[in-house]
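Shared between the two complexes below is chain A, which has chain B as its partner in the first and chain C in the second.
And now, the complex of A and B:
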C-alpha cells in the first residue's frame, strides 16, 4: 500500500526458516479491505498455502501472525493478534489469539502479517528490527522457560521495549497442547497447539522492534466513536464485575447455573467456595492492570504469600480455575501454581486441564495404573498430582509423553474404551462451561472451526435478547428462551459467529466488545462502533453489513479449510457424555443432558442459515461465491467437497 | 413478609452487601422487589437494572431459591415471591 496513514502498516513479511530467505512485499489494498486483518488475513493465507497433504509438523506448514487491523492505533481494547497454522491437535484450521504488545510492535516495524515457513535445522530466533530481519542462533535460549526467554532476549538485544513471542519447553518438545506466549506471559496464543508448530520449526522466539507509526485518517470521527464507546461501557453492568474481579467473575455465573463440569465434565455442582473470586481478590491479588488501550482493566496478577508455593507470582484467568475444577481441584494455591507452571512451560491450560481430567478418570477406572504413571496417583482433587503430571506433560516424561499428545490421541493409544472419557471436539479439549441443558451452547461448541470453543461465537446472545428481539433478528421469539427454545437458535448461532469474528479481524477484545448486558449495547459496540473505528482509522466507508460479511467470509474460509481436510457434519459434534450422561452432583442443572433431537434441529437450522448443505454440512457453491470466494468454491468442487 | 436477597456484583457493590433481608408486602412480585431496590439504593442501582431506555436489562437472571426466572421472558417481573424465599440476582452472561 502506498499510503502510510491509516491503521495498516503496509507490508507483509515472509521468512523461510529453511533457506533463510526473507521476502518483504506490499500489502494489497483490495486484500486488506476484503479480509480486513487478523483472522481474515491469516485464514485466507493458510487456505492458499497449506493444502491437505501438508501435516502440522511438516516444514511446509505455515505459522502466521496477524495483528488485528486496529491494533497499534488508539482504539480502546484493540490489542489482539492472531496466530494461525494447521493445528497439530485438530489437524484442521488452527488459531490462537493473544493480547500483549508484540502485535503493535510488528506493525510499528512496518508489517501487517508475518508468515513463517520451512524449519531450521537448529534452534534459532528471529530478530525483526524495523526493516532489518535476521535469523539468529538460539542455542543459549533453548530449554528456557517463557519468562526466562523473554528476559534473556531483552537483555541480549539491549532493549526493554521490544515485543516478543516465545515458546517454553513444551513447545520445544512439540507437545500438542503447547501455546505461544507474548511479551513474557502477558498474553497467550493458547489453543490448537501452535507452540508445537513453532517448536517443529526450531523457532524459539520472535523478537521485534518497531519505531514507525500507524495513524488515524478521520480524527473527528474517531473522537466521536471513542466517546460513544466510553458512554456504552459506562452504563453496561457487564463491565463493573470485570473491573473488580477480572475473569474470575465468571465463577458466579457457573455457580448459579450449576454448570461447572467438574471431575471431567460429570458434576454440575462442586465445592467452589475456596475458589470464590473474592478469595482470589482479597488473599492473592497483587496487581490489577489492563491490556494495551483497554479501559476495562480485567487483567490480574496473583502472588502466593506462604506455604509450599510461597512467592509464586503469575497471571491467572478464569479458564485456569475452570479447568482445575475439571480436575476436581479447589485449592486456590494449587490453582495459582498450576497456572504458573503452564505459563512457564508454555502450555495451554484448557487443553492440559482437560487432558489431565481425562487421565484422572482413566486412573479412577483403572485404565491407567500406577505402572503407567510410575507411581504418581492421578486422583481427582489432588493439586499436587495435577501439578506434577503437568510438568511431565511439558517435558514428555513417562505417561506425560502420552498425554502430551492430547486427550483424544492418548485415549486411542490406551484403548479399552478410554475414548469415551476424552472430552473434546474435533480433537481439541473442551472449554468454558457445561452445555447440558443449554442446547445452543452445545451446538456452538460443535460448529467452532478450531474445535471446542466458547469464544468462536456468542451463543450467550440468547440470554440477553427479549422475545421481540428474537423474532426481529432471528425469526422466532423462541430464540430468547435459553432452555426450551429451538426455532431461531441456529440463525442466532450463525449470526453470533460472524459477529464475534469481527473482533478477531480488528483485534478487539471479546470481553470489551463482544459481551454485554443488552443486545443494544452488544451490537452498538461489536458492529456499529467497531465499523466506525475502522472507517475513522482508514478513511473508508465500510457499512456494518459489509463488516459482518467480512466476519462471515473469514469463518467460511476456515470452514472450507476443514472441509478440504475431510471434515463435514460428522465432525460438528460434541462428546457423547453430554448426550447420554445426566449432569450429576446436584445444583440447578442437576439431571440435564443435551437432547440429541434438539441438537440436530438447531444444527439443521444453523446450516440453512449459513447456506451450507444440511445433510453433509459442506458449503454450497453459491454461498462461497456470494462471499467473493469463487476460487475456493472451485478448489472444493475439484476435490468433491462442495455441499 | 421477609425475603432473603443474594446479590452478585455489581449489585452487591452498590448495596454494600451480598446478602440482604427485605420486608415486602405479601404476594409481592419481582417487579416490586426491583422497585424497592431502586428506591433504596438510588440511581446506581437503577443503572445496573435498567438500560438507557428505561427497560429492565434482560440478562439479569433471578433465582427464586434454585429456580431460574430469566428476566428476558415475558411476565417474568410479575412472578410472585413467597415468604422466606431466597432471591438471587446474577448477570446471566457467561462469556468465559
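And now, the complex of A and C:
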C-alpha cells in the first residue's frame, strides 16, 4: 500500500447489477484535472453513458456516486458527495449532494467514483470491502426504514465504522420524491428523485469499508490555507448565527424580505413566530453538531421531549421548516416529526412539502375531495394531515400513490387546471424563498440544470455586493440593486453558478464556503482558498480562473445533457403564479410579482454571458470548444441541438 | 517557606499531562460536534496522510446527535505496557508517557485488548499498535478542534475536569438535582451523554465478561 500522491484515490469502480460484473479502472489523471471531481466527474460520465433513449427507470440508466475531490482530507467542511442519474422527476440531468461519512470511506476503500448500471431481479445490497466487492442478498433489509437498514448493516457486517448509503420504503416503491441517505440519516441526496432510481435497480444499500490513506502533497501549504480559512470565518459575520442556530437561522432572512411562500407559494408573510430559531434552539436542539471536518457547525439534531411525538430524535434543516410553511404548518413539533418521517421513509422534504402543498390547494379548490383522499382532510396548517399524507406517499397508499409521482405528474392526472397549482421548474418542486420581488432569484430558479434550485446558483451574491463591486465584476452598479436592478444581473448569475459549482467539484459545503457577509470573504473562501486547498493536496498549480472554468465546464455539460433531452429556453421558466399573482399576506414584499419583461431581459443577458444562443437557449459551438468539450459540440450538432 | 513538592512546582519529574475532553456544560455550542477534525489532524501529524484508522484519538458516535471524543489517559502504570509480551511499550525519553517501539511491536493486539479506555489504535497499513504521544507536547487535535473542547491537562486540571464530570453523572442520578440545576443546558446536554456513556461502557464490560 504505497502512499498515494494526492487527494485522489486513483480508481473508478463500476458494478453491473444485472450481470454482477465488477470493473476496476485506473483514474486517468487528465480526466481528473479537467473535471476535478464530484459533480464534474459524474456529469461528464452521465453525458457519455445515458443517451435520450434511456428512461430514468431503464436498467441502462446510471447511478453514479462521486465524493468531492477533497473529501477524505482534513480540508475544512470538505464533506460532500454527489449522486447523479437521469432524474425520474425532471427526466433530465439529476443530481443530489450529501454530507455523511460514506464518501470519505469510498475514497479510503480506493475509489473516486462508483458507477452502478443494470438492475438486479431481486433485492440486493452492495458490499465494498476495500478491494473486495460483493453483491449480497437484501431480502432481510427490504422494507426497513433508513435508520433500521443502516443499523442492520453495521450489525451484520460486524463493523461500526463502515459507511452506508441506503434507501427507505419510498425508494423501494420508486416514489419520485425519494432520496438516498448516507450513514443512517447523517446526510441526504435529496433532490431529483434518485432514491427511486436506486429502488428501480432493486439496490437497497451500499455498505463500504475503507482503510487506506487519502494523501496530501504539500502539508505546509495546506496548514497555511487552513489558518487563513479559520481567520476568514472568525471575522465573517455570516458565521456566528450559523453556529448558533444551524440552518434554522435562514428564518430571519425570509422574514427580512417577506418571502416565505407560505400556503403553496401565495403568502409572503406568515405566522412564523412559533418557528423562531430561538424556539428550536432552546426547546429542541441537542447540541451544535457538524458534518465531517466542519468548523462552522450548523448541523442540528432535535429531540421532542414530551407530548404526542415524545422521544423523537431527528436531523432537521431549514428547508424542512420552509416547506412546512408551504403547507401552512407552524407547529414546531409537527415540523420536527415531519422531518423525522421523511428521514425514516427516505423522502426529499422539499419535493414532498411542495407536492403536499399542491394537494392541499387542490383540496381547497375541490379538485381533490374526501373521495380521493379517503376521508383525510388536506387542510393548510394541519400538521397531522401533512404527516399522514407523507406516510401515504412513502407507501404509495391511496391518493399517496398519485402524489408519489410528484406535483406535475399528479396535476396532469387530476386535470381540470390543476397544473397551475403545481409549483415546479422542469418538473422539480420549488425550494428556498419566494422569488417575487427578487428578479435575479426568479431567473436563477429557472436556469438551474436540475430543476428549481437555490443552491445551483447562489443568487444571494446580489445581496452582499456593493454598487462598486457590481460595476467592477458584472459591468453595472445595478447588479447590487436587489429589487430594481437589471443590468449586470445576468452576468452575476452566470458567474455565481460557475462559482458555486466549484464547491460541488471539491466536495466543499456551500454554507461553509459559498455564503458570506461580504463579496471579499466570499471570493476569498469560494475561489482562492478552495483552489489553494486543491493545489496543496494534489501538488497542482491550478489558477483561480482555471478553477472557475472547471465549474463552468461542469455546468455546461449538464446543460448539454438537458439540451440533448430536448430542453431549450422554453424550459428555463418559473411557474405562472409568480408572474401573475401578487404576493399576498402582507410583509415587506407584499404585492410583488415577477415582471415577465425583466425576467426575459435578465435571461437574455445571462445567455449572452454564458455564450449561449439567446433565442433558443442552446449552447454555441465555440462556447463548448472553449471549454474543451468539442466532442459534446459534435454530438449536439448531429442532433440539431446547438445554438 | 519550602517549595511545594506537588504539581507544577516539582521540576524533578516532568508533570504528567493528558488530552481530556472538556465540554462546557453551560454552553450548547461548546461540546464535541462530531466533526472528526481531531482524527484526521492526528493522522496527518503522525502518518503524513489522512486516515481515521491511523488516529490516536477516536470520536465515538453514541447515538443521533451524541458524539464523544475518547483520548489516551496516559495512565500512571499503563495496562497497555503491562499487557505487551514484547516489551514494546516503553517510556518516552522526554515526555512523561509511554510510546510504542515500532521495531519491537509485532501487532499482536494484546495492548489493544488491555486498554481500559479502548483507545490503543491499530495501524492497518503497518500492522502495528499506535498510541497517543501528545505530538511532542503540541497535540494536533487540541490545536485544531473547532469547538475548542479538547484540552492538554496537567494533574490538577485533570482532577478538576474529572471531578466535575463525575459530579455531573451523579447529579443526573439525583432527581432533585436534575430538576433544580440552574443551567438548563447542563441538564439537557452533558449529564445525559455521560450517563449514556456510563451505561454503554458497563454494558460492554458485562458482555466482555461472559
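The criterion applied here is as follows: the second predicted complex is superposed on the first by the 640 of 643 C-alpha atoms of A that agree within 3 Å, B and C clash if a C-alpha of one lies under 4 Å from a C-alpha of the other, contacts with A are read in each partner's own complex, and residues count from 1 in each chain.
Note that contacts are C-beta pairs under 8 Å (C-beta built on N, C-alpha and C of every residue); 3 or more make two chains touch, one makes a residue touch a chain.
As the structure is a computational prediction, the values presented were derived from the model and not from experiment.
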{"item": "Superposed partners chain B and chain C on chain A - clash or fit", "value": "fit"}
{"item": "Which superposed partner A:480 touches (first chain B, second chain C, both, neither)", "value": "first"}
{"item": "First, second, both or neither for A:517, with chain B first and chain C second", "value": "first"}
{"item": "Partner chain(s) touched by A:113 [first = chain B, second = chain C, both, neither]", "value": "neither"}
{"item": "Which superposed partner A:244 touches (first chain B, second chain C, both, neither)", "value": "both"}
{"item": "Which of chain B and chain C A:235 touches, first, second, both or neither", "value": "first"}
{"item": "Chain B versus chain C as contact partner of A:314, first or second or both or neither", "value": "second"}
{"item": "For chain A as apex, the angle formed with chain B and chain C - C-alpha centres, to the nearest 10 degrees", "value": "80"}
{"item": "Partner chain in contact with A:291 - chain B first, chain C second, else both or neither", "value": "second"}
{"item": "Touching partner for A:464 - first (chain B), second (chain C), both, neither", "value": "first"}
{"item": "Which superposed partner A:500 touches (first chain B, second chain C, both, neither)", "value": "neither"}
{"item": "Smallest separation in angstrom, by C-alpha atoms, between chain B and chain C in the superposition", "value": "13"}
{"item": "Chain A residues contacted in one complex by chain B, in the other by chain C", "value": "244"}
{"item": "Residues of chain A defined as touching chain B within the complex", "value": "235, 237-238, 240-241, 244-245, 247, 249-250, 252-254, 256-257, 317-319, 432-433, 454, 460, 463-467, 480-482, 510-511, 515-521, 587-588"}
{"item": "Residues of chain B that touch chain A when the two form their complex", "value": "8-10, 13, 47-49, 51-53, 57-61, 63, 66-68, 70, 72-74, 88, 90-96"}
{"item": "Residue ranges of chain A touching chain C (in the complex, touch as defined)", "value": "1, 3-4, 72-74, 76, 104, 108, 161, 184-185, 211-216, 219, 226, 243-244, 281, 285-295, 297, 299-301, 303, 313-315"}
{"item": "Contact footprint of chain A on chain C as seen in their complex", "value": "28-29, 31, 33-37, 40-41, 43-44, 47-54, 63-67, 124-125, 144, 146-147, 188-189"}
